[in-house]
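Written out below as structure tokens is the structure these notes cover.
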């Protein structure tokens, strides 16, 4: 391959990314109302999947808590949305999720991964039960009405959260924190013995990932008009985050993004045509992915590219 | 005063019996097959919903449903392990990876089963009345169905205990729970053992579901809560300890009864508080290694 | 003052005493061997020193400072590094990255990436793995993986290096090379405390040997004294 071609090849990826981001940033200017709503939803799922992967991908600790933090964000919006402007509410949603995740992490991440998985699995159910009890007992209502905000603002805030998450993912990957997280995933005991403060780093990264989940919840709640504990704390969102990230491929930040785009769009399509079947399909996809596609779609694409490139090099 | 105490105590034991049954099933699956089956609650749900359909649709006595749902679940669980988890075991590079992968697969299974239930039964809550005749017991009134449920739970528990202690298969299971590798070396057909344990776990869940449907209302999304409770019980009893799960079930049942009496709706929160305390001071649980 | 000192160190697993009331010390500049039959508690003792486990009673001091119960990453930064009985490298990271990790995280002072990479390459060269620096660590042979683990441990800048069965699984040539590596490490001014089963290596390299049996220290002395000690011979023959 000629050297000039190689440089062009390297710019291809980032170049495309910049173009896509620019298109997304200006989206409200030229898209239809339906388009804005659809892309907001897709971005929401991308945020859930990518932030899940931020912690769980390098360390191998499977978190089943995205729905819990997402729900916390939703309720922050429901409760504070009347008094405070949406951007502040979103920030607070992220902050409260961060604090909760810090507590959960400090408690469970010093133990074996299975305890972390078990605790995070039940977390969404716990918060749902607690919140239901609290609302009925102290507020007298089961659900709340949320202050509605226009779709454009919701989209722009969601897009901002996405960009911040993308930036965070990129920075962590290239930093020492990223190396440390990978070492924890490869061999935690060895990592600890060469000076990595495994518990602190795990907890902080986990809490960091929760910020984005909470923020996404806070902003999307402004569209849902009515929430109650059953709507807000729904394990489906944990499932979707995990499915999207793993199907897309966790070895690469593009994986969760790809997976999220595919499944968010599929959900939109299937929800209208086969409302009672789409979970069945998604569940089956997760199982098939775990069995036969451990590297995810991205991994498969890279394998194919390598095979093709190998053929090319043989000819050169 | 003592009347109330007695009522709370006995309700706690009834609840505890159910919890013990559910959790022993999960403990079998994790302790031996090393699978954290987070779809466990869905087997409970399927047992419950099937019983409802059989009773209200075909007039089949719930006690007969025990004999239908149990073996059906055993076979299903056995098959699911042979096809899905066996393959995962072969493709996982290490036990830690298998633990993660099997949990993820179970997560997928959870949504598949829940969706199937939603297709068949929609989201409505169902209930039926069976033996809800009040009976005098130790000075207080209880539904006959609850007492019957407790009795059956105890019979199943005893039967299972005898199975584990006296039969060859039972002893093989205990050996595999202690040390799967060595058990394999000693001639235990480990693949059959793992699938059997998974199936037994599913059977216990389904049977618990049948019993639950006799006493409570049921719906297609009831599974998650029971899975969470089963997980807490298993941690309380000690990961990998089957007697521990049995004990833990009763403790949690009593706690649940007391808390529900004082403040209805907070039972699960109380269980989680116990979970947190366990993780803080004794993650290995009461009888865990 | 000894570099490393332990008094009454005890650790039980369930009802079994893995390490029972063991006193030990390692002075700076020594190469101390730790031997004993399988299950004697040698690796457990290393785990107690490195912070992987906490003793249930007893005290361990490093350079006079109490380190009992501290976390492994803290103990590493204080100057103790170790290798593991079953090699624990980072399999999917490159050989160079493995050692780089040691440089970046093992020392208390901050490191620019440039100097860190240089230092990592230096240690790779020290153990003779420079040629393989770009390969994924999992593709190395066992003996090279062990070398890598040593390089990574050395990269953390330790004053004391704990080697857990470095020679296990090595053929006689490789054992000789490993012995030579240990000598070169010692020449760098690093104190070595090593668990070994390969008697030739222990006798040849160590200036003092400790013997554990059923969690208790049953003998201590020079290689000559240990080789001729009746207690030790009985313990090994009796197995």
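Labels for the chains are A, B and C, by order of writing; each one numbers its residues from 1.
In the analysis below, contacts are C-beta pairs under 8 Å (C-beta built on N, C-alpha and C of every residue); 3 or more make two chains touch, one makes a residue touch a chain.
These numbers come from a predicted model, not from an experiment.
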{"item": "Best-connected chain pair, where connection means C-beta pairs in contact", "value": "A-B"}
{"item": "Chain of greatest Cα-centre distance to chain C", "value": "B"}
{"item": "Centre-of-Cα separation between chain B and chain A, whole angstrom", "value": "32"}
{"item": "Chain centre separation (chain A, chain C; CA means) in Å", "value": "42"}
{"item": "Gap in Å, rounded to a whole number, between the CA centres of chain C and chain B", "value": "46"}
{"item": "Interfacial residue positions of chain C with respect to chain A in the complex", "value": "50-52, 71-73, 76-77, 81-82, 84, 88-93, 97, 100-102, 104-107, 152-153, 155-156"}
{"item": "In the complex, chain B residues that touch chain A", "value": "36, 38, 84, 87-88, 91, 96, 99-101, 103-105, 107-112, 114-116, 118-119, 224-225, 227-228, 231-232, 235, 239, 263, 265-266, 268-269, 272, 275-276, 279-280, 283"}
{"item": "Residues on chain A engaged by chain B in the complex (per definition of touch)", "value": "60, 62, 64, 107-108, 111-115, 117-119, 121-122, 125-126, 129-130, 132-133, 136-137, 235-236, 239, 242-243, 246, 276-280, 282-287, 290-291, 294"}
{"item": "List of chain A residues in touch with chain C within their complex", "value": "176, 179-180, 182-183, 186-187, 189-199"}
